[in-house]
Every structure is written in structure tokens, then in C-alpha cells.
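Below, chain A partners chain B and then partners chain C, in two separate complexes.
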Partner chain A sequence: MAIVLSRSKPAPHRAAAADSYRIRDVMPRWAWWVVCSLVAALFLFPLAMLVLTVLKSPAEANASPPAYLPHGISWGNFGRLGAAGSGVLHYIGNTALVSAGTTVGTVIVSTLAGYGFARFRFPGRSALFAVILATLMVPFQALLTPLYMVMQFLHLQNSLLGLTLVYVTFQLPLSVFLMRNSFAQIPTELEDAAAIDGCGSFAALRRVMLAVVRPGLVTVALFAFFASWNEFLAALVLLSDDSRYTLPVFLTTLVTGKLGAIEWGVLEAGVLVTMVPCVVIFLLLQRYYVKGLIAGAVH
Partner chain B sequence: MKTWAAAVLALLVALPLVACGRTESGPTTLALWARSDESAFLQSVVDAFNRTHTGIKVRMTLIPTGNFVQKFGLAVAGDAGPDLASIDLVYVPFFASAGVLRDITPQVRRLSYLDKLSPAHMRNAQYGSRFYALPFSGDASVLYYNVDLFRQAGLDPDRPPTTWSRIENAATAVKKLGGGRYGFYFSGACGGCNVFTFAPLIWASGGDILRGTGTSQQPSVAASPQVRQALQFYRRLWTSGVVPPQAQTDNGANQFTPFETGKVAMFATGAFGISTFTHDFPNLHFKVTPLPGRDGGSSSFSGGDEIAISRTSQHPDAAWTFISWATSMRAQDRYFGAAGVAPIRTDVALGSYSAKGATYATLAKALVSGRAVYSVQENALINDSTGPWTTMIADAVFGGDIDGAISRAQKAMSNTISRG
Partner chain C sequence: MTLALRTSTRSRRRGVVGFLYTLPALVLVTVFFLVPLALLIWMSLHRWPLLGKPIWVGLANYLAIGGDGTFGQSLLFTAVYTVIITPILFLLGFGLAMLVKEQRRGAGVFRTVYFMPYVIGFASSAYLWLWLIDPSVGPIDKLLTDLGITGQPFGWTDTPTGALFAVIMSVVWKVVGFTMLLLMSGMQSVPGDVQEAAKVDGAGRFASLWHVMLPLLRRNIALVLVFSVVGSMLAFEQFYILTAGGPGNRTLTIVYWIYNSSFANFQLGYGAAMSVVLLVMLMLISGVQLYLLRDRSE
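Presenting the complex of A and B:
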């Protein structure tokens, strides 16, 4: 609707060309701010509730009807997080180790694979790529038992390294796909130019291409990081030592009580702790993120 | 350049993980797996054992409660199970039948205090007349009631309801107080909660939900008129509005909330309620009473954990040392009873535990005379949130189709059992 309106009344301050049908230009400035603030409030409400719940005492956190504002701040929930098991910091460390390993591993393998699929012709290329994509359709749960046996055979069961390798494997199909698209959209002239300057394929990849596919790299890295940071089932099944648990498994042991009762305050404190690194990393890297996602899609 | 830097980084990340060896020397270390909701007291039990034993150390790992069955089964199947497992007693027949537990019959038979152990636990510890576990921690379902709400509604807190109709009357009286107060609460979508607190109503009235054991086991929900009456009783409570609306969808996650906030007069749960309510809600004045039958009598679901040695354990003798210590009178009295968990020895339960007060005495009696569901298929039949038991309660109590719900449950349970 707004788009139709704006057509009869073009924005005064902008050139009428290109992307001129912007809702923002046809609204009074205050109205724009009001709408945006409302939308922002809508999205921030759950986060605000989360923070408020964390600061409540157990009785208040479980109150029904809910008490919206805590009566006085209680740090008890964080205290429980810190005191349980080996302490929350230990589990953050485990998770960070696994996530960093997964991210690095995924980025390296998918960059090389994506480059290969995009730039080299070899027999069975399409078939191989189709097989890689097809593995996206196998649900992880179906692989759980065989995977457990394999890890046991390799003596990687109950090890963070084993878990990292499993995560890398699960990230690869989508990551290879994204990286292939990222490389495919780069004009071949760029490589040709590098070749004239004396670069072989590998040197061209290192010196020229990596800079161009950065959005794709960042997207792959973000996906790998978030997925391994939050993963629960594989970590639960493969790790059987309290001190090696990752955050999601630790939190689950902490918050479920008798017959499935949940301690909301501790849970929300855990969610908050889990969420912070993800939010920070996303905010830092988000400008690459969308670019990487649509790489190759509008070519 | 970046690729190389990343590869080096990956190596650095991986190295310390590889370096984590698992060679241990010195005392025998036993791995004990327990569900996470046992954490509150189990650590103190393990610490006490480690303090008093030099050659054996027990290390506990907590498994998320909802994933224990899956994780333990998979680990033992992959020869990577723990030495000891603390298992919800309803799952012991299943694990025993699956061959993941060690047969400990000879050691069990030699125990001098065999007849002092909780009868419900002892029954579930057996499979085909062999013993695969021993009782570890106890629990029993009883009816908690809010003393203040009873007083306000003109009810005598010293004379709690002893029949279903008295429960209804008390609930209605509290509901009439208004102000968002309700008479009764149960988690309508939680199979485990409702076998713990609803099945005793049926048992106390003379009915049953399963008959026989093993391959000859049959569901008896259709054959027991008491099942129908109990469902009608819950249905009446629901339609008369004395139960808060969230009961319909509560899968157990919020089971304590309504009672804890002092808005609900009656709520059935186990021994763990005492410590939870007293510790977190000091202003809540409650008492407990046995779960009654339709016209009197009482029953209880006697729950808790059993302790078993896994088939793959390399240290069965050391594991047995822990088990026999944990079931000893001293350990049950000092480390279980004292921590608020019901002891699984009848001599301790009816002795020092009951001496702690009327609440404990009621619980102890309920534990000693209580029963449990015995089935290799317990999870599929009862605890599964889409299983026949949970579906029957939802359809009958909230949907109103009591006869249809019972016949569907009877059929579905038969199918599950016959599939084996």
C-alpha cells in the first residue's frame, strides 16, 4: 500500500531513480521512529523477560500469574550456575573449544571443497556434489547408534576432539554448497589475472580468491559456530564424563528436576550466558552474513 | 596465508584434547551414572563413600533426567557404559530384559537384611526370578495439602480428606474463596506424574492397570471399574473448575508451581516435595496425607531408584562393595534419610526417618506399603507423552469421552505388550 502511495508522491530529498519506493520516505519522521520502536520492543520483549526472570528469586520466577518485575535483585540463579558441577566457566570453556575447532575445521575443508567444485572439472563432479547435498536429508538421530560405534572404534568417544570431528562432518554439506556458490560467482578473469601474475591455483586461492569470498567464509563460520555452540544430542550421547560436558548438556542436567519439573530461573540464567557470545559474534559479523547467504543465488 | 594460520590453529586446538589420556592408577575408580534430579543428595552419598573407603573411589556423572534411558542403553550397547547406574525403578525390568545389567542374584541372596528392603523396589529389581539391581533411593506419592487454605475455607487441617468425595468437597470449598484459588492440581499431560499420583487412587480402590508379568502381562484398564471411576473423579474435578486451567497442558515442567505459590489446596507428589517446599517456600504451610481410595483405604506409588552393575563393568566386585554399603542401615539413615530422600530400608523408614515428624512418618508408611508398575514396556505404556496411558487421561478427563478413552487405551496397551 505504501508503495502505491509513494508512487504518486515521490520522496522530495532523494533521486527518483533506483530504489525510490521506500516506506521510510513517505512517512513523517516521528511516525517512522514510533513504528520502529514498537517493532523493536516486540522483538526485545522476550529478551527483557529473560533478563528479569534471571534476577528473580525461585519463588518469583515460578509465580503464577507471573510477576513481571522482580522485587529486588537476586543473584542466586547465577550462583547455582557457578556452583554446579565444575562451574559454568568450565563448560563454557569446553563449548568454546569445540565450537572453535568446528568453525576452523569447517571453514578449511569447505573452502577447499567449494573451490574445487566451482573451478575444476573432474569426472563425477556433479554426482559427487549431489551426494554431498543428499546427506543434508539424513536426520542425525538415524545415525546416532552407528556413529557411536564408529567413535568407540576410533577411541574418540567421550572426547571433545571426537565431538568436534562429528560437528565438522555435519556442517560440511551446507558449507560446501555455500562456498561453491561463493567461488562460482567470481568472474574467472580474476583468476586469469592472477595466473598472468604467476599464481598457480593454490596461490590464486590464497592471495586473491579468499578476499573476495569473505562473506561466504564468514557465513560458513557463523553457521558452524552457532550449530556447534548450541548442539545437544550428539554431545549428550558421545560425552560421558561430567567434566567434558558442553553447555547445553550441562544446562539440561542442571534445570530438570523431579518428574520433568523445570527450574526456570536457573534455566534462563543459563540461556543468557549461552546467548551472549552468539549475539556478540553475530553483531560483529552480520554485514557479511546476508551477502554470504545469497551468494550465487542472484547470478 | 590464512588457510595455514587456520590449520595451525586447528592443530593447537586439537592437541590438548589428544593429550587427555585416560590411564588411572591407584584405587579402583568406579563410574556411577545417575539422572540429574538425584544430584541434590547423591553427591553427598558418593562423598561419604569415598571418605570411608580407601581402595575404591566412585565418580558420579549426572545424565539429563529425560535422556537417561537413551544414553545408558546406547553406552552399554557400545561397551562404554559406567560400572554403576542409578536407575528409576520402573525402567529396571526393561534394562534387565535387554541384558545390559549384571545378574547379582548370588550376592543379593546372601544379604542379611533382604527382608528389610522396600517390597516395591525388590519386585522391580527382578527379572525372570533373577536379581539385577537393589533398592537405592526411595520415594512415595502422598497428598500434600495447604494448611492455610484449608483453614480459610473452614476445613479442619487435622482431618484431611480420606475419600474421593471428601477431596471434591474440600476442593470446592477452597475454590469458593475466590481470588484465583483452586482446590486441586495435577499435571494432565505428564504420564510419569500421573502414574505416580493417579494410579494409587485406582489401587487404593481395588483396581489395577496391568495384570501379570512378562509375556503373560495384560492391561486391565477396561476390566477394572475403578479405572473408570477414577477418571470420572478427575473429570468432575476438571469440569467443576476447581483445577487450574494449565493442568490440561502441563507436561510436568510446571507441576510444582501452582501449589508452591499457595494458590492450590491439594496436590499429590513425592518425598522430594518436602525439601523443595520447605527450602524455597518457607511461607507455605503444608501437611501430607495418604492418597485415598474411592470410599477409603489408601495406596501409594513407591518410587525412586535402584542401583545396578552394568554388564560391561570391569570392576563388579568393587561395584558390589558400593551397593552393599549404600543399602546398609547406616548409609540409608545418615545419607539418604538425612538428605530428605526416603530410605529404602523399612527398618530405617519406619524408625529414625519416621521419628523426624508426622510428614515423614506418613511418607514412610506410604513407601513401605506402596507399589510400583512392573513392566518391561513401562515407558511405552505409561511415561511416553504420546503413549496410551497419557492419551487416556487426556481424552477422558479433558475430552470427556471416558468409555472411548478406556477402550482405546486397553487396545493400544495390548498391542504394545504383544509386540514385546
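Presenting the complex of A and C:
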């Protein structure tokens, strides 16, 4: 199931696949280009308009009816975004903190658990693994009310740490599953060799195994990052203090701003700031992300 | 004897070490998943205000769901939304997958473009569309009037149908690339010789699509449908941000109503009871779907 979105070389056995439905038999080459480009234009139109509008001056961005192109490039919307609430940098910081915590936490916890489940036999192993996978069956949207109570009990409500722990937990089923598979694919000889060299299991994990499961680790890290950077509902419910908000929740404060009317240029600048890291990371690491998406979906 | 004893102690010790590796994950799952799940059921049997003491009410919350018109309305609306968006996502995703599944110059770039909105969060995407469809400052109405398709700005969120349509547009834009990807990965692993055989047997293009490709794609189709149905049943952000459930609660989804009951009306017990009902429904739906689309060859 190794498919990537771009730069993929045709695998020989797959080059023959889907032969009788080849689009090139139905559609001449130029027509295929026209159709694909038109569809691409539909997908890119919202993003192109977003960038063009955010670069307008605030007044121009709020003008009705709108113009397609800005009269000149202005950074005014970003300036006002920087001044909104506790300042956009503050919210970027919150989000980065939660995302980094979730990513690191998920990677550590799921590596340890994946290693434990793949390489050791202990009573109740399959049952415990099933319990972790069961988290997939229950969407956390349905658990928000009791999560809120648990947070109150642990004095973690309205805290970025609490939110991070919740995100890590809900990343675990997929991550532990992927890491267990990564470890299971490593031949035991590698570990035996490490043991002969005098490594305990943890040293073997750290010095030998980690290098081998790196692709799985990158996938797990990417998933954790995207999920925690973008998550909205749990952050909305569990954070009550304006200064603790993550970017998606901060956007809501821009709509219900103190000025009454929405400042569209500022709101869309916020949207742009929120989405840019995801798009950039995706473009850089799409190979790992797509592989993991399919491996995670088709299990 | 001593040797056997020593190995068994060693393997037991190794077992304990293995368990310790899984412990952090188990602790997190227990505290933030199992305990809340148990608490959810416990809360659903109480009248549970945000402040003050919870009162045991037995099944009263569940009984109240039957008489709650808003719940019925949100359930119906969520079902309608799911029934409309699932075939749209499937058919458009299928078409896109057919279009770009082959290795040819440019296909990789188009795949990336179609998939890219998927990595943008639901909240950012919804705020982007809130602006895109705004009748006074949004570029979509501007484009439609400039092209002469509509005479005047549409006012998408003024009517329930327009609001639903706007949400569907935004969701299709955001997630159809994911559908495309899942179907494409299935199409690329359909072995070429099976299709050659169908061709030799004289199957026309559509006959072989229907009789050969779709059955082989069963697993991927099942996944796409389960993801789409479960995702739609849990829809919240798009509606919270784009329509605020309006006009007049006409685009209120189940999760949205649970959110309102729990965190706006502070009836936590009632919200919990509705959550339990939602959970049971989701499990039944995924179970039925997976059963209907199970791989019969295995």
C-alpha cells in the first residue's frame, strides 16, 4: 500500500494495474490536462483569494463588493491580528506548545507501548492492546462532558497540559497500532545481536531499534501534530481563559470581536496563519503522511 | 531443574518489563478514556448541574430524549446531512481517483492539489468558507454575479437549504481529497491481469467497472463510507462556525445539541444521556456497514 501523492515512480507490478480503465484510453492528453486544471482551479480558488485578500489593507478587505486583486500590498491585517486579544504570537505559542507536547508525548508513549506489545509476552497482552484500540470506536466528541469533570477533579481544566494529555490519549490507538507493526517487522536477530553486545531491552530500543522504526515514528509524529494543531471542540470546551486559547479557538474571538462587526481581513489573516504550518509540513513530508494515512485506514 | 526455574523467572521478569513499557499508554487510556466512559454512563443517570449536587434520576434523562423535539430535529437533520454528503463525497472522490490514479506527467501535482485542503483544520476551513460565502464581502457571490450565474448575492445562510448547501461545499472541498486517496490506493492495487481477463472475456468498459473493479474495491469503498457516515454523524465545527445551527435551529446537528445542552444550558446529565445514545447509534451504524460490505472472498 505504498502510494505517495507525487514523485512516485511506477512500481513494475503496479504499472500494469487498472489497465482496462486507463484514463488515457478514454480521454486525449490535452482534454485530461484541461479537466484536471479546471478542477485544480476550483480547489485553489479559495486559497488564492484568501492570500490576495489578506494582503489588502484592512479597509479594502472589508469593502463590499470585494475586488479580486489588492491595490497594493499591505501588512495592516497582520498588524491588527498581532494586536488582537493577547496578540497572535501568544496564541501561536500556546498552539505550538500543545502541538509539540502532543507530538513528543505521543511519540514516546506509543514507541514504548508498541515495543512492549510487539516484543514481549505477558498475561493480558492482547486484552490490553484491544482496550487501547477500543479508543478508536468511541469518538471523543461523545466523551467531552465527563472529560470536563475529570479535568476538574485533576485540577487540569483550563490548562494546556490537560489538553495535551487528552490529545495524546486520543492519538494512542492509531499510533500504538502503527508502532507495534513497525517493531513487529524487525527481525529478532537484530535484538539478539544487541543483547549479546550487552544491551538491556531499553538500550536495545534506544540504540538499535529506534533507527529502524524511524519512518513509523515520523508518521506518528505528523498525525499527532496535525490533530493537535487543528483540534477545535475539545479546546473550546476545556479551555475557558482567553489567554490559554489555541489558534482555532482564538479565531472564534475574532468573529465575536469587541468592535461589533467582523473585521474580515483580520479573521482571514488568522486563518492563513493557522493553516500555513500544516500546508508547509504536508508539502515537505507528504510521503510519510500519505503512507501512514493509508496504513492507518486499511488495517 | 535450576535452569528451567531460572528461565521461567527470566521470562516472567521479561513479561513484567514488557508490561512496564505499555504502562504509560495504559495509564493515559484509563484516566482520559475509560474513566470518562464510565463517568459518562454514571452522569447520564443523574440530573447533573454544572454547580451543585448531582441528583440520581435513573433513566429519566433517557426518557426525556423521546420528548425532546430539538433532539429529534437535530437527529433528523444530521441524518439528512449524512445521506446527502456521503454519495457526493464517494462519487466525486471516485471520479478524482479515476482521473489521477495513473502515473503520468502532472498527475502527482494534481493529486497534491486535490488532497491539500485535507490537512487544513476543520475550524480554519470553516472560517475560510464563512468569508467566502459572505454576501457582501465574499468572493463566491462576487464571482457568481460577475459570471452572470446569479443576479444578486445569494445570502447562503439565510435559508436552511442555502446554509446546508454552503456547508456541503466547504466539507467537500476539505475532505474529498481523502476519499480520492483511499479509493485510488485500492484502484492501484487491483491486479492488472484480472482486468485483462475481463477484457478478453468481452466485458465492456462499464461492465468490467461494475463487475470487476467495484467488487475488488469493496474494502476501500467500505472504509470511505464508514469514515464519511461517522464523520457526518459527528459534524460540529462546520455548523457551529458557518451557520451557528441556524436559521432557527434548522441546521443543528446532534453533537451541536449535546454541546448546547451541556455547556450552554448546563444540563450535563442530559448531555451525557444523549452522548450514550449517539455512541450506541454510531456503533450500530458502523457494525451494519462493515457487515454489508464485508469481504466475502475471505
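To be clear about the criterion, the second predicted complex is superposed on the first by the 209 of 299 C-alpha atoms of A that agree within 3 Å, B and C clash if a C-alpha of one lies under 4 Å from a C-alpha of the other, contacts with A are read in each partner's own complex, and residues count from 1 in each chain.
Criterion: a residue touches a chain if its C-beta (ideal position, glycine included) is under 8 Å from a C-beta of that chain, and two chains touch if they have at least 3 such contacts.
Everything quoted here is computed from the prediction, not taken from an experiment.
*Asks:* Looking at the overlay, does A:284 come into contact with chain B only (first), chain C only (second), both, or neither?
*Replies:* Touch partners of A:284: none, neither chain B nor chain C.
*Asks:* Counting only touches as set out at the top, which of chain B and chain C does A:237 meet: first, second, both, neither?
*Replies:* Both partners.
*Asks:* So, A:100: does it touch chain B (first), chain C (second), both, or neither?
*Replies:* A:100 contacts chain B only, not chain C.
*Asks:* State whether A:160 touches chain B only (first), chain C only (second), both chains, or neither.
*Replies:* A:160: touches chain B, not chain C.
*Asks:* Identify the partner contact of A:144: answer first if only chain B is touched, second if only chain C is, both if each is, neither if none is.
*Replies:* Both partners, chain B and chain C.
*Asks:* Which partner chains sit in contact with A:36 here, chain B, chain C, both or neither? Use first/second/both/neither.
*Replies:* In the superposition, A:36 contacts chain C only.
*Asks:* Could you look at A:193 and tell me whether it touches chain B, chain C, both or neither (first, second, both, neither)?
*Replies:* Neither partner.
*Asks:* Regarding the shared-chain residue A:172, is it in contact with chain B (first), chain C (second), both, or neither?
*Replies:* A:172: touches chain C, not chain B.
*Asks:* When both complexes are superposed, which of chain B and chain C contacts more residues belonging to chain A?
*Replies:* Touching more residues of chain A than the other partner does is C.
*Asks:* On chain A, which stretch or stretches are contacted by chain B in one complex as well as by chain C in the other?
*Replies:* 62-65, 108, 144-145, 148-149, 237, 249, 252.
*Asks:* Which residues of chain A touch chain B in the complex?
*Replies:* Interface residues on chain A, with respect to chain B: 58-59, 62-65, 84-85, 97, 100-101, 104-105, 107-108, 111, 144-145, 148-149, 152, 157-161, 164, 205-206, 210, 236-237, 240-242, 249, 252-254, 256-262.
*Asks:* Sort out for me which residues of chain B touch chain A in the complex.
*Replies:* Against chain A, the touching part of chain B is residues 1-3, 6-7, 9-10, 13-14, 17-18, 20, 31, 33, 36-37, 39, 60-67, 70-71, 74-75, 77-80, 82, 180, 187, 190, 192-193, 196, 244, 246, 251-258, 260-261, 263, 269-270, 272, 276, 280-281.
*Asks:* Quick check: in the complex, which residue numbers of chain C touch chain A?
*Replies:* 11, 14-22, 24-26, 28-29, 31-37, 39-40, 43, 96, 98-104, 106, 108-117, 119-125, 127-132, 134, 136-139, 141-142, 145, 173, 178, 181-182, 184-185, 187-193, 195-196, 198-199, 205, 208-209, 213, 219-220, 223, 227, 230, 234, 236-237, 241, 255, 258-259, 262-263, 268, 271-272, 275-276, 278-279, 282-283, 286
*Asks:* Which of the residues in chain A come into contact with chain C in the complex?
*Replies:* The touching residues are 1, 3, 5-10, 14-24, 26, 32-33, 35-36, 39-40, 43-47, 49-50, 53, 61-66, 68, 108-110, 112-113, 115-117, 119-123, 125, 128, 131-132, 135, 137-139, 141-150, 154, 165-166, 168-170, 172, 176, 201, 226, 229-233, 237, 247-249, 251-252, 255, 264, 267-268, 270-271, 274-275, 278-279, 281-283, 286, 289-290, 293-294, 297-298.
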